[in-house]
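Should a chain be cited, it is by its letter among A, B, C, D, E and F, assigned in written order, with residues numbered from 1 in that chain.
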Amino acid sequence: MSDLTHFNDQGRARMVDVSDKDETVRTAVARSSILVNETIHRQISEGTNKKGDVFAVAQVAGIMAAKNTPQIIPMCHPLPLKGIDISFKWNVDEEAGHYEVLLEASVKTKGQTGVEMEALTAASAAALTIYDMCKAAGKEMIIGPTMLLEKTGGKSGDYKRD
Amino acid sequence: MSDLTHFNDQGRARMVDVSDKDETVRTAVARSSILVNETIHRQISEGTNKKGDVFAVAQVAGIMAAKNTPQIIPMCHPLPLKGIDISFKWNVDEEAGHYEVLLEASVKTKGQTGVEMEALTAASAAALTIYDMCKAAGKEMIIGPTMLLEKTGGKSGDYKRD
Amino acid sequence: MSDLTHFNDQGRARMVDVSDKDETVRTAVARSSILVNETIHRQISEGTNKKGDVFAVAQVAGIMAAKNTPQIIPMCHPLPLKGIDISFKWNVDEEAGHYEVLLEASVKTKGQTGVEMEALTAASAAALTIYDMCKAAGKEMIIGPTMLLEKTGGKSGDYKRD
Amino acid sequence: MSDLTHFNDQGRARMVDVSDKDETVRTAVARSSILVNETIHRQISEGTNKKGDVFAVAQVAGIMAAKNTPQIIPMCHPLPLKGIDISFKWNVDEEAGHYEVLLEASVKTKGQTGVEMEALTAASAAALTIYDMCKAAGKEMIIGPTMLLEKTGGKSGDYKRD
Amino acid sequence: MSDLTHFNDQGRARMVDVSDKDETVRTAVARSSILVNETIHRQISEGTNKKGDVFAVAQVAGIMAAKNTPQIIPMCHPLPLKGIDISFKWNVDEEAGHYEVLLEASVKTKGQTGVEMEALTAASAAALTIYDMCKAAGKEMIIGPTMLLEKTGGKSGDYKRD
Amino acid sequence: MSDLTHFNDQGRARMVDVSDKDETVRTAVARSSILVNETIHRQISEGTNKKGDVFAVAQVAGIMAAKNTPQIIPMCHPLPLKGIDISFKWNVDEEAGHYEVLLEASVKTKGQTGVEMEALTAASAAALTIYDMCKAAGKEMIIGPTMLLEKTGGKSGDYKRD
């Protein structure tokens, strides 16, 4: 059974030594979401159809957060990311009054550790940005669940959420 | 009905002018959570009882993220935060195999805008840090839902989630 | 005649003490520009009319750079900015083959120093971002001239470029 | 004709995937400039001859900005820069009352994308720093034009401004 | 006897709430030092007399580190610093082969917490920068002792090292 | 005799070109220390035995500072660090009233320059964090001496302090 490798002999956190790992192409895809009210749904949708694009700002926020992940997550290794993308999809059931944005963040690198944290951080930052830009119309929005959908590359093998 | 105030005449995002708002004490409390497996629950719990304290690292990550919120959330105003705290609580049902960490982040400032985003960002970063430190023992962890519990101060009045 | 106040007795740079200055509302507007070729003009324009909005990304870059100015400009005082906006305008003469984007960045604060540098930095970062996103279609783009258009507030009085 | 590769299928910005590109040595040289008045010219020149060296501060600002480019330019890839240098040259015509500082920033890396943006950002930050340190003696300074002088390395080949 | 106020009820670190403290002018002066060999002493001194000024770079590093202190020291409050200065003095005894740079960093703000950490961080960063720029000529340099010389302002009163 | 390689022909600082150096595994270990009073010694020790762990926060601060070294030390090359660890040891002589924390920071990378600065910066930031968290119980603490204990890898060979 695996132990918490992030701790040293003194029981305190360290950034694990990965210098022996292989440098391979690694990808990760994470999902988050944000549940909004009808007003916010209409505002974002209309904005997107015209020019005021909440998702465009969230996109930039997510991409920059992916690059800043080692500054946000203390034990996360710095990695020269090679590609980052984020997509948005509405999941709406008007009758049920359900208005939800699904976000997917994809990150790619060639390095000695995986990019799960970068994908998860990108998705979280994008969702938080949507919250920030829409909170004047309703503070009850709910972010998440946020989770890893899949990863490839590295010794621990590929992962795909069922 | 309120519009999306974060957009200018050209339909592009701006950081809203708050220079006319009152400078008052403002607080916000946000919650996030992370669902883990039994192994991770045991590792964190044992570590906490000894010295290897996952939550101690998550605490620092959340506090630093609160201070960095204006760099993470593009349209968020910079604020000289006056106090930040984060607490952790286990919500466990062993029979149901349910192991969940509840996180609450409290932020306080005296300024012209609220600190909802700082509290939400702190809670998210703390949860992401737990994910990072435990992912070797299970990548299926689920972060969130993440939400605002309450806020005080400012013209829009207090908010308390039902 | 004024001396270079940014130097101490040893002739080395310091961040000037402004603690005796009045805390007043201060604004600044700066302009930059970027000269592009016909292809880039068409790509940006079409993107803007559809959804791929180069200016939306440049907008976010400029706003975040304004907030980061004290980290970019060494002797610049940190200030809690209250409002930031950026606008874009095409200056096109098709016959002359002249395609130019004019950018204006407006920044507002209430503090003890002015926000000229924040406005100039925002305009510069927004122009650099346009360069970055369009450089695959022509590296000969020219940024600037970049200049202060006006400022208000503070002891040195208002300034307006002729 | 090349398209705007910085956009995904949803028409929103992404950080382009470069993981298939070759890792080669890449260099870029960018130029900026700043037009100052006679007083500022004398202050900088005398400072340089003695000890208060405006250019020394601008140099540090430019080098640090080059390293921070992926935080300033949203879609720019992070790269482990290998060398950065900046040089300054006066272009003065006393009779015409023309006092101009020319700045050249050179950046080198070994990586999968070019360093044009790092060179342009370094030159811009250095020029902005000169503005900041001299603005007490005249806010009418003009920064730029800022442009790429040359680049080498990478699939798109070398570039040299005529 | 004072307790460790930086811990919450769960025994984990928090950023202490200072919103009830008075906003007053606060200053702090910290000292560090770096012991170098004869070669480095000569190189720095000659450089300073000509143009290559190690201390000029260390000066900028210290000033920027003072502004970044809340990002470097996790529980440190963000403060809008009003003035920062650093000075350098040689303490040399050629017969004893003793070559030491003394650094003093002064920081001033108007706020609800003191600036001891900003002064100590500035002095440390400046000393580290000297190490970095001279390490090719001798890695045995010794930094420190680093200490607070004095502080003024705030409820806990003034402090002056004997 | 080696010159100051950090200066260009104009006598101003540059980030030295290292693109011709070999990419090898490199390690560095640095030491710092902090001298505290009896009260602080007791507070930290009791906290460590329970849950309020000053060293846990200092550990995170040191690890994040190692990753931020190129933003703190102006001429320092950015490097993708592979492992970082910090350990703490009490050096106590109760009769002499001597209470000192010894800190050791170890950093590892695979790259074209060494990691001495990262190790020294990590040790310094960890010591500064201890100062910050304990300063309410005594501002007379002394940080350092801070020094390099050893390094391996790179053309200049290994170094070990006597």
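Quick note on the criterion: contacts are C-beta pairs under 8 Å (C-beta built on N, C-alpha and C of every residue); 3 or more make two chains touch, one makes a residue touch a chain.
The UniProt protein names, listed by chain, are A, B, C, D, E, F = Cyclic pyranopterin monophosphate synthase.
These figures come from a predicted structure and were not determined experimentally.
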Looking at the contacts, which chains touch chain A and chain D alike? C, F
How would the chain C/chain E interface be labelled, same or different, where same requires over half of its residue numbers to be shared? different
Looking at C-D, A-B or A-D, which one is a repeat of the B-E interface (more than half the contact pairs shared)? A-D
Comparing centres built from CA atoms, which chain ends up most distant from chain B? D
Size of the rotation, in steps of 5 degrees, that lays the CA trace of chain B over chain D: 180
Go ahead and note the Å separation of the Cα centroids belonging to chain E and chain F. 15
What is the distance, in whole Å, between the centres of chain A and chain C, each centre taken as the mean of its C-alpha atoms? 30
For the pair chain A and chain E, the C-alpha centroid-to-centroid distance in angstrom is 37
Where in chain A do residues touch at least two different other chains? 10, 12-13, 51, 53, 56-57, 60-61, 64, 68, 71, 74-75, 80
When you check every pair of chains, which ones turn out to touch? A-B, A-C, A-D, A-F, B-C, B-E, B-F, C-D, C-E, D-E, D-F, E-F
Using the touch definition from the top, list the residues of chain B that touch chain C in their complex. 8-10, 12-19, 70-71, 74-75, 77-80, 111-112
Using the touch rule from the top, collect the residues of chain E that touch chain F in their complex. 1-7, 10-13, 32, 39, 43-44, 47, 50-54, 56-57, 60-61, 64-65, 68, 71-76, 116-117, 120-121, 124-125, 128-129, 131-137, 139-148, 151, 156, 159, 161
Chain E residues touching chain D - in the complex, by the definition given at the top: 48, 51, 53, 56-57, 60-61, 64
Enumerate the contact residues on chain C facing chain B in the complex. 25, 53, 55-56, 59-60, 63-64, 66-68, 80-88, 108-110
